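Shared between the two complexes below is subunit A, which pairs with subunit B and subunit C, respectively.
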Partner chain A sequence: MTGFPSGSRAQARAWHFGMILAGIGVLAPIVSLLGLAAQGSVEHWAHLLDYVLPDAVGQTLLLLAGVGVLSAGLGVGGAWLVTAYDFPFRRTLSWAMLLPLAVPTYIVAYAYLDILHPIGPVQSALRAVLGYDSPRDFRLPDLRNMPGAIVLLGFVLYPYVYLTTRSMFATQAASLLEAARLLGHGPWSTFFRVAVPMARPAVAVGLSLVLLETLNDIGASEFLGIQTLTVSVYSTWVSRSDLAGAAQIALVMLLLAMLLIAAERHGRRRLRYTGSRRTHPVQARRLRGAAAWAATGLAAWPVLVGFGAPAAYLLVQTGEWLLISGAPSPRLLRAGANTVSVSLAATAVTVGLGLVVAWSARIMQRPPRWLRALPRLATLGYALPGTVLAIGLLFPVMGLERGAALAREALGMAPGELILMGTPIALAAAYTIRFLAISVGSIEAGLTRIPSSIEQAARLLGENVNGTLRRIHLPLLRPALATAALLVFVDSMKELPATLLLRPMNFDTLATWLYGEAARGSYEEGAIAALGIVLAGLIPVILLARMHNRKTA
Partner chain B sequence: MLELDHIHLSYPAAGGRLQAVSDLSLSLEGGQIACLLGASGCGKTTVLRAIAGFEPLDEGEIRLAGRVLSTVGGQVEPEHRRVGMMFQDYALFPHLTVAQNVAFGLRRLSAKARAQTVREMLALTDLDGLGNRYPHQLSGGQQQRVALARALAPEPQLLLLDEPFSNLDIDAREKLAFELRDILKAAGRTALLVTHNQAEAFAIADRIGVMQERTLAQWDSPYGLHHHPATPEIAAFIRREALLAQRAQACLRGRPGAPAAA
Partner chain C sequence: MTSPFPPTSRLARRLATLAIGLPLLAASAAMAAEVNLYTTREPKLIEPLLNAYTQQSGVKVNTVFVKDGLLERVKAEGAQSPADVLMTVDIGNLLDLVDGGVTQPIQSEALNAVIPANLRGADGQWYTLSLRDRVAYVAKDLDIQALHYEDFADPKWKGKVCIRSGQHPYNTALIAALIAHDGAEATEQWLRGVKANLGRPATGGDRDVARDILGGICDIGIANAYYVGRMKNAPQDSDSYKWGEAIKVIRPTFKDSKGTHVNISGAAVAKHAPHQAEAIQLLEYLVSDEAQSLYAKANYEYPVKAGVELDPVVASFGALQVDELPLTEIARHRKLASELVDKVGLNR
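Moving on, here comes the complex of A and B:
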């Protein structure tokens, strides 16, 4: 440009270039999905519109609505209970209510199908008590229907709403609630006329996560026999090998996900008007006698249903299996090793890219508008349901494979295996795209705690952009990077829908292993795999609980 | 030494750019301490940031020791300017000790020379024995001196100080202003600081620039400013501040009959 030499400007350009690449990587599956869906003929669309979509969309919307209402009720109710009232075990329950987060939807469905099986422990015990001999004489209503799915999903997903709402109540509520009480409103009236409207933006944020998670779910809906869009995408591609058809359904899902995001943006638009004021915590009202224990029970039962019962069941099953056979089978161990290694690889790439995006956004000076939107764009992946992402990735991945095959041919090499689909690379790429938002979010949160004067000081002391990152920001970001890595790792371990579609032949993760066992109806070692996933899932929950305790202490 | 030549600065705002500084010129001789004085929002910090290389110029030129630092076409990156800065929040690196903070800008020196310079800087700023502490273990005044030592250590041609006393107790400010002047003079540094507090400006500066309406209204010695204010506004500004200071002091001493005590 001019005669001013500078390493920093070139370095900044390299970082921005990396961010643009990350953005392209995230957008590629969406663009290719559009392309794929357009390949399907008009008759195709007509067929879809007549036979597949009405039912699948109807089922999906019903499921979303039911899970939304239930999880909002449990989440807001629970948050209010632990904020406004004091009762035995309140402190314990206030973090324990997060525990169901550790149980993926497909595991809770898997566990309850077995617990409540007609010849399972609960129904057998009930029959013994009531004096019936056989399942033919007495059985509980079947779980495999829409109400069953709504209840199970609602009880493991409510913590998202609980978490956002509770922190809203904890930081914002006190003075407003006191004002309401002074103006003559009782506790119930205060709850409905002040607390609920005030919590709306927080509920919107939590609820959008619940609904995206519901839309993403494949295992639970399939085990419970609900034909959602996700299940339709999967069966259209896997059973009927109809990629264009799968892409068309996936496109409908994508629209639904975008609608959810838009609704969330709309619902939380008032959030920015609150939050900066410092207020004192709510003075909890001490309950006594029966009321106090009723409150304890009320707060405890979502924890028991969403976490306690399935976790206990998995523990018992695992114990029984290990007593009989002594050790898990080599195939299960290999699935475990696969899970850990592919998740680790995805974690390393995701955290690295997250750093590129977050740091690039930090050092942008007077960027053009399109570049400023890029960090947000690179985090779009979290809204993509796993099946949608997988279908979108198939096309670019196959294009790359074809290119690689051509290159090999041109070089006179023998045709080899598929590079991306024959190995877990495509899988790791899907995890990266889907969880990049988590990584960018954690790192950005860490960066905002470092004032910009810190890096300006480093620059004036003679450091360039990269040196500043290395000597100042990386050491200071260590906790944020660790959090990002942990969250991405656990989410990758749990991921099922994209894994089912993108894994190489004969490659199992713990999640797909469990899925296979449940699909075959053989419940042997599935419990061990499920327990492994739940235990890993507990780590971030404990982290969250500790963060919360520090904040309120 | 430092020359600002008709500089214009602006920052992005809703619906276009907002003028922050317009047509400001000044020149500062080597070894002098100057001060930009003005109410908050008058653009004085923006001027400082432009000299440090964090704000591009819309018009004009910035030169230091005959070298062009910023023009409209481009600018020298902050790390190549030989300009030091003490930030309002001190911007000490929280993960480094006091000695490591002071040594941060001395990478080009040998380990031995670096240790020597750090020792000298800590002695100059009266921080002997605190080299192994971390910033959060220090008082506000000590943190301020670490920031000063760190900025002085690489021997910058110009030192910038952004509201150096705003984070300190009011009682400590005047004393520290004299201390700061002694340290800067002892080190023979050229410095430009920014403040909204007249007492600080008059305590420390050889030259004071009064900023009003996004530009320099007067650039003069403290004596000249006090006795020959260039405009009625400056006269009123200086008299009002002096009056307020008198009243505040009277009030603090609890002198009977002081107007504010009534």
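Moving on, here comes the complex of A and C:
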């Protein structure tokens, strides 16, 4: 069946079995949500249709459209700028543009509200310059509205687009760019008629991550006063104690997200990376004088807004706090250690499973329809709000716990504590299910650049499925695997809602610590935890950037 | 040196020991004096109380802070749940736990003696630990001495009112109380009036009300009183202190009553509590003089026990006259309150 030599059939079966297991893991919480949704009545839909949904759908679509356009513009524009042109600080900026990835959206929202508040540094300085005494006499428009939310989310999330687009430009753009230049296209015409169309598949990958993040964002949107669909899931559940109703809305949203993903795949079904040819890197055109510095400014702008200002704000706040209170407490340091270790564990499992799913799909020949859909299903976890996913996960996890308790009883052992919920295992499982989409996506993208002729060659030379993977694909996939690992790690570290619900007792991560500080209204101490998240996220982001730079150099 | 076992079987024995030993270890840990607290309240706020309890009783307190989904988690954990004490900062959430069947009735003379009958479940399923009055923050230089909650809808405050999300439990409880006092129709009108008066979207936290009053965005707002204790007791050069200094507190009343709306922080013993005795002991400690005084002086909440000395900032607001409406009545209207917020579009 597989066309590989002896032993391969059994090996392929093992891969498929692994893929099915991963699929079951992802489907388990969704099935339990379906169960929950089925228990509820549908009465509340009349209320929702009359008073909530028209507005929430409109706001959600507006937010998605705004963030989508802004992050695509920043991501593609930035990627093109650092690929096609040379200007001062280009090398630094080409990795610095990834930095906003390290900052969770809710931290950016907090920080900007403080920076731009009428009594914050910017407006205070402005008043001093203009000669006003009180914010009652002069103040700028408030940040807590739709434009504010679009700008903040756009500037924080654009790196997903930048990352995917840039590696595409770096490896594929050279010949087309040269052709365009030879044919006399100017810089703008080259950008819009060559770069943008060429980038479409890469933009689609990055943009779908941006849009799903935006759709499921609760911290920043709610803080900025935007009533999205996700926010209405929360008020149905929390304020009206109607979990079944909330599950119903969440599942409808999931359907929308699936349509989004399907549309994205449909849109690029005929688009293929050329891949097989090893092309030379793009010859960047050196800019001079004012144009060069304008380019520097243009590329630096998103970094300053998405990372520089909030990070500087956190540094100042942390500095002030350390002056008052001395060193960070041992418990905060332990929260840092917890964050890193549980995120690392989740990353290892997520990337491993991602490889299983992607490789299994790759070696599948004439698969049944339902099996072909599995890799797509594996990405569902990312399309649900974190808390909803966590609620869905509670039931299967506790099913396993009960099984373990029964087993212990049957063996005549004392009933122990909870194995999954009493340890961070349930948490790591939640991260894995949530971020499997990122890992499968990155690895699949990596695999599509490896032509299938290589597998045929390996097969002819007598190599089996596992040997082919080990000796040929894994080495070629290394950059894709590293990208997957780093993105999953950073996202796990920032994860808040599922962490709050599924963690064991006496267990803090930096994100829950920060949330706790914010919940009791001591932002100053929260700043140090926020800075911890940013710093710990910085390391993988810089590694990621160095890797991409090496690849392009 | 020869081992009595060949290497593989030694490994097998070790694994077997581990497999048997781990659950035993866990079981023995469960038998040591400890009590497990699941809370929707940030545990660091009550840490001084828990530490004092541990010192006095030798019982270790393990905590997990769950924001949303406390009921769902305890329900799912079922009979295996390690939870002993469940704590919330909203009467609605507390009664949800009772209705969800994850609490158990307990008998305690000590609790019954301290907590007034209207602030605990008749069957011993839930208990109030502290009171949290929802008050008006008013720009310091405004000449107002008294307010009704109904006044926040007065058009004279157009563009001058600050409040957090209408769907936050603190606000749904207040709106539910308004429904009980003035009726659903009048409350809907009130919400429309408040919406028209908003100086910025209904979002953020209670402390943002003070900050936005300092920032000139609003003149009056609705928020919990204890935040003012925290802000005014903060270090003098901190931002919090400046926010707190920008406002004064007025305890509003309803038009048809002399009382101020109060929500509670409260607790219940979990249905499958493995340490039931310690759980009751912890609750009893939390209403002792010492703990109630810590609530008042470290958290600036209003003690449920009468006669406990207040923090000077809180004492400066005067004696708290609690609205006579039973808490269960407030919880009953919560769903309608939340629906009215949607209907009026307060958060839009």
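Everything below uses one rule, namely that the second predicted complex is superposed on the first by the 351 of 553 C-alpha atoms of A that agree within 3 Å, B and C clash if a C-alpha of one lies under 4 Å from a C-alpha of the other, contacts with A are read in each partner's own complex, and residues count from 1 in each chain.
Convention: a contact is a pair of C-beta atoms (placed from the backbone, for glycine too) under 8 Å apart; a residue touches a chain by one contact, two chains touch by 3 or more.
All values derive from a computational prediction rather than experimental measurement.
Asker: If we overlay the two complexes on their shared chain A, which of subunit B and subunit C does A:Ser175 touch? Say first, second, both or neither.
Answerer: neither
Asker: More residues of subunit A are touched by which chain, subunit B or subunit C?
Answerer: C
Asker: Scan A:Gly225 for contacts with subunit B and subunit C and give back first, second, both or neither.
Answerer: The answer is second: A:Gly225 touches subunit C but not subunit B.
Asker: Regarding the shared-chain residue A:Asn464, is it in contact with subunit B (first), subunit C (second), both, or neither?
Answerer: Only subunit B is touched by A:Asn464; subunit C is not.
Asker: For A:Met398, using the defined touch cut-off, is the partner it touches subunit B, subunit C, both, or neither? Pick first, second, both or neither.
Answerer: In the superposed model, A:Met398 contacts subunit C only, not subunit B.
Asker: Across the two complexes, what residues of subunit A are contacted by subunit B and by subunit C?
Answerer: Correct list for subunit A: none, the interfaces share no residue.
Asker: Within the complex, which stretch of subunit B touches subunit A?
Answerer: Checking each residue of subunit B against subunit A gives 12, 52-54, 56, 71, 73-81, 83-85, 87-89, 91, 93-95, 104-105, 107-108, 150-151, 154, 156.
Asker: Which residues of subunit A touch subunit C once you look at their complex with the stated criterion?
Answerer: Spelled out, the residues of subunit A in touch with subunit C are 47, 50-52, 55, 113, 117-119, 134-137, 139, 142, 144-145, 222-225, 227, 231-232, 234-235, 237-241, 243, 324, 387, 390-391, 394-395, 397-398, 401-402, 405, 408, 413-418, 421-422, 497, 500-501, 503-507, 512, 515-516, 518-524.
Asker: In the complex formed with subunit B, which residues of subunit A make contact?
Answerer: It comes out as residues 1-9, 366, 451, 453-454, 456-464, 471-472, 475-476.
Asker: Subunit A touches which residues of subunit C in the complex?
Answerer: By the definition above, subunit C touches subunit A via 20, 22-24, 26-27, 29-30, 36, 42-45, 62-69, 72-73, 76-78, 80, 82, 92, 96, 165, 167, 169, 172, 200-207, 211, 214-217, 227, 230, 235, 238-240, 242, 334-335, 337-339, 341-343, 345, 347-348.
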